[in-house]
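Letters A, B, C, D, E, F and G mark the chains in the order given here, with residues in each chain numbered from 1 onward.
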Amino acid sequence: MAPVKRLVVDILKPHDPPLAEFTTHIADVGSVDGVTASLIELDREVQNVKLTVAGDDIDVDATEAEVEALGGTVHSVDQVSCGERVVEDRPVPQDR
Amino acid sequence: MAPVKRLVVDILKPHDPPLAEFTTHIADVGSVDGVTASLIELDREVQNVKLTVAGDDIDVDATEAEVEALGGTVHSVDQVSCGERVVEDRPVPQDR
Amino acid sequence: MAPVKRLVVDILKPHDPPLAEFTTHIADVGSVDGVTASLIELDREVQNVKLTVAGDDIDVDATEAEVEALGGTVHSVDQVSCGERVVEDRPVPQDR
Amino acid sequence: MAPVKRLVVDILKPHDPPLAEFTTHIADVGSVDGVTASLIELDREVQNVKLTVAGDDIDVDATEAEVEALGGTVHSVDQVSCGERVVEDRPVPQDR
Amino acid sequence: MAPVKRLVVDILKPHDPPLAEFTTHIADVGSVDGVTASLIELDREVQNVKLTVAGDDIDVDATEAEVEALGGTVHSVDQVSCGERVVEDRPVPQDR
Amino acid sequence: MAPVKRLVVDILKPHDPPLAEFTTHIADVGSVDGVTASLIELDREVQNVKLTVAGDDIDVDATEAEVEALGGTVHSVDQVSCGERVVEDRPVPQDR
Amino acid sequence: MAPVKRLVVDILKPHDPPLAEFTTHIADVGSVDGVTASLIELDREVQNVKLTVAGDDIDVDATEAEVEALGGTVHSVDQVSCGERVVEDRPVPQDR
């Protein structure tokens, strides 16, 4: 099976644990080398966060399970890169 | 025959298999080195996904067959790069 | 005669042969090192495609003849780079 | 625990200490290698500032405590990067 | 006299000779290393083309004479770079 | 104390001394390696200028004092970078 | 005195001498390594041109004197970079 090397997920999380602690826990999932969490929107109850996860062979199920163990929910999986190398998604005229 | 080195296809897929599993299967097609799948739109029945596929000599038919074997349909082939090297599509004034 | 090193042409082609096969044939023209074909627009009868062709000494006539042999027509030649090296077309204030 | 390597926080601070002195104090927090403070908005009472903090293992609590010791308040944590390497947050179609 | 190293000219040309042949002739001017011709606009009678010409010591008069010998007219000289090195025209706030 | 390595200040200055002479004087402040002054707006009495100052350990007070000695006033300090290295201020979704 | 290394000036010049000849004369000023002249606007009487001048120690007065000797007038000095190195003017949130 081709390994997953990059994963972008859109999640909702409660305010607690705060974002830095939350992100640290995702980065601690065995197969993950690095995570960047960007706040998209924030209201009284929840934070909408975009997670960009990188690794040589990301365990997608374990990553999603960790989001849920921390009280979050995966709203959508927005990008997945698989294979020997990460192929960048380049703009094409049909994107317009 | 000049080899296909990059392929961008716009597809529709059912929600199942989920995007990470779907992308892994495309990356497992023999001639493919890497795939990035980006979610464009999502409704109750289907996901509209942009696949960017890279390899030294991509088997286009096998790639499209795999999309269909996974329940998807190819809506359009949006970009194809062939030959000894990948030529980038640069903006020209006529694009406006 | 200064060699042509990059050529951007706007073409119309029938749906058959499909884009990947079409592009492979253009890349097989003797003097061509690489081709990227980007879909601009698609209707029931034809596809409007932007071809970016690179090579050390592109045979422009042979390239255009191949487009026509495949059932396509050259709508316009949008950019040509000639000489010992490819000079990039940089933005200038008068472009506005 | 995966280390925090980059942190972006949106803060409010009084006019005193001035921005250069304020930023120097944040950069003096033990675990911080560099800080860039950008003024977002300024009114009669407060300055709204975006802090981008980098380090090999940033102490997030100590950084936030220093902001408060200087009279500021953390309005939101806007981005956190954790793990062995910093993963850049790339644009995906779902950002639109 | 400081040499001209890059020249951008806006020209009008008849449809014949076609753009690739026209550009080759400009690139054959003695002092020119490379030319990129970009189609700006096209109507029934003429093509409006932006020529970007590079060389170590471009003969501007000979280049303009060649444009005219091919039936074209120079509408405006839009950019000239002179001296030991090409200085890029960077955006400044006053451009707005 | 962490050194200040980059400083962006928005100033107002009289027309005299002219911008080149004014900028030279700022660059002569002991701790400054380079300064770029960009004209933002100009009216009959004053020039609004953005100063970007770089150095290994900029003396902020001496820099501001020089602006004032030359008849200028510091309108706002817009960015400060401190520490062992300059951290670039990257765009985050919350900037929107 | 810190040397001026880059200078951007907005000038008005008559149509004669033409832009290439005009730019060559500016590049011939002793202290100048390179000049790029970009046409901003052109009417019946004058050309509005942006000059970007680079050198290790530009003689600003001699450069402006040459503009005037050629019949031009300096409308505004839009950017000046001084010191041991050229500091780029980076965008900051306050530019908006």
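What to note about this one:
Operating definition for what follows: a contact is a pair of C-beta atoms (placed from the backbone, for glycine too) under 8 Å apart; a residue touches a chain by one contact, two chains touch by 3 or more.
Keep in mind it's a predicted model, so treat the numbers as computed, not measured.
Considering every other chain in turn, the ones in contact with both chain B and chain E prove to be C. With contact taken as defined at the outset, chain A and chain F are each touched by D.
Rounded to a multiple of 5, the Cα-based rotation taking chain A onto chain D is 50 degrees. Inter-chain spacing, taken between the CA centroids of chain C and chain E, is 22 Å. Chain centres here are Cα averages; for chain D and chain G they lie 39 Å apart. One simple way to say how far apart two chains are is to compare their mean CA positions; for chain C and chain D this gives 49 Å. Within chain B, the positions touching two or more other chains are listed as 6, 38-39, 50, 76, 78-79, 89, 92-95.
Taken pairwise by the contact criterion, the protein chains fit none of the simple patterns, being neither a path, a ring, a star nor fully connected. By the document's touch criterion, interfaces exist between A-B, A-C, A-D, A-F, B-C, B-D, B-E, C-E, C-G, D-F, D-G, E-F, E-G, F-G. Looking at the complex, you find that chain B touches chain A at residues 6, 8, 10, 18-20, 23-24, 26-28, 32-39, 42, 50, 52-54, 76, 78-79, 89, 95. Chain F contributes residues 92-94 to its touches with chain A in the complex.
On chain E, the positions that touch chain G within their shared complex are 1-2, 4-7, 60, 76-90, 92-95.
Those residues of chain B that touch chain D in the complex are listed here as 38-40, 50.
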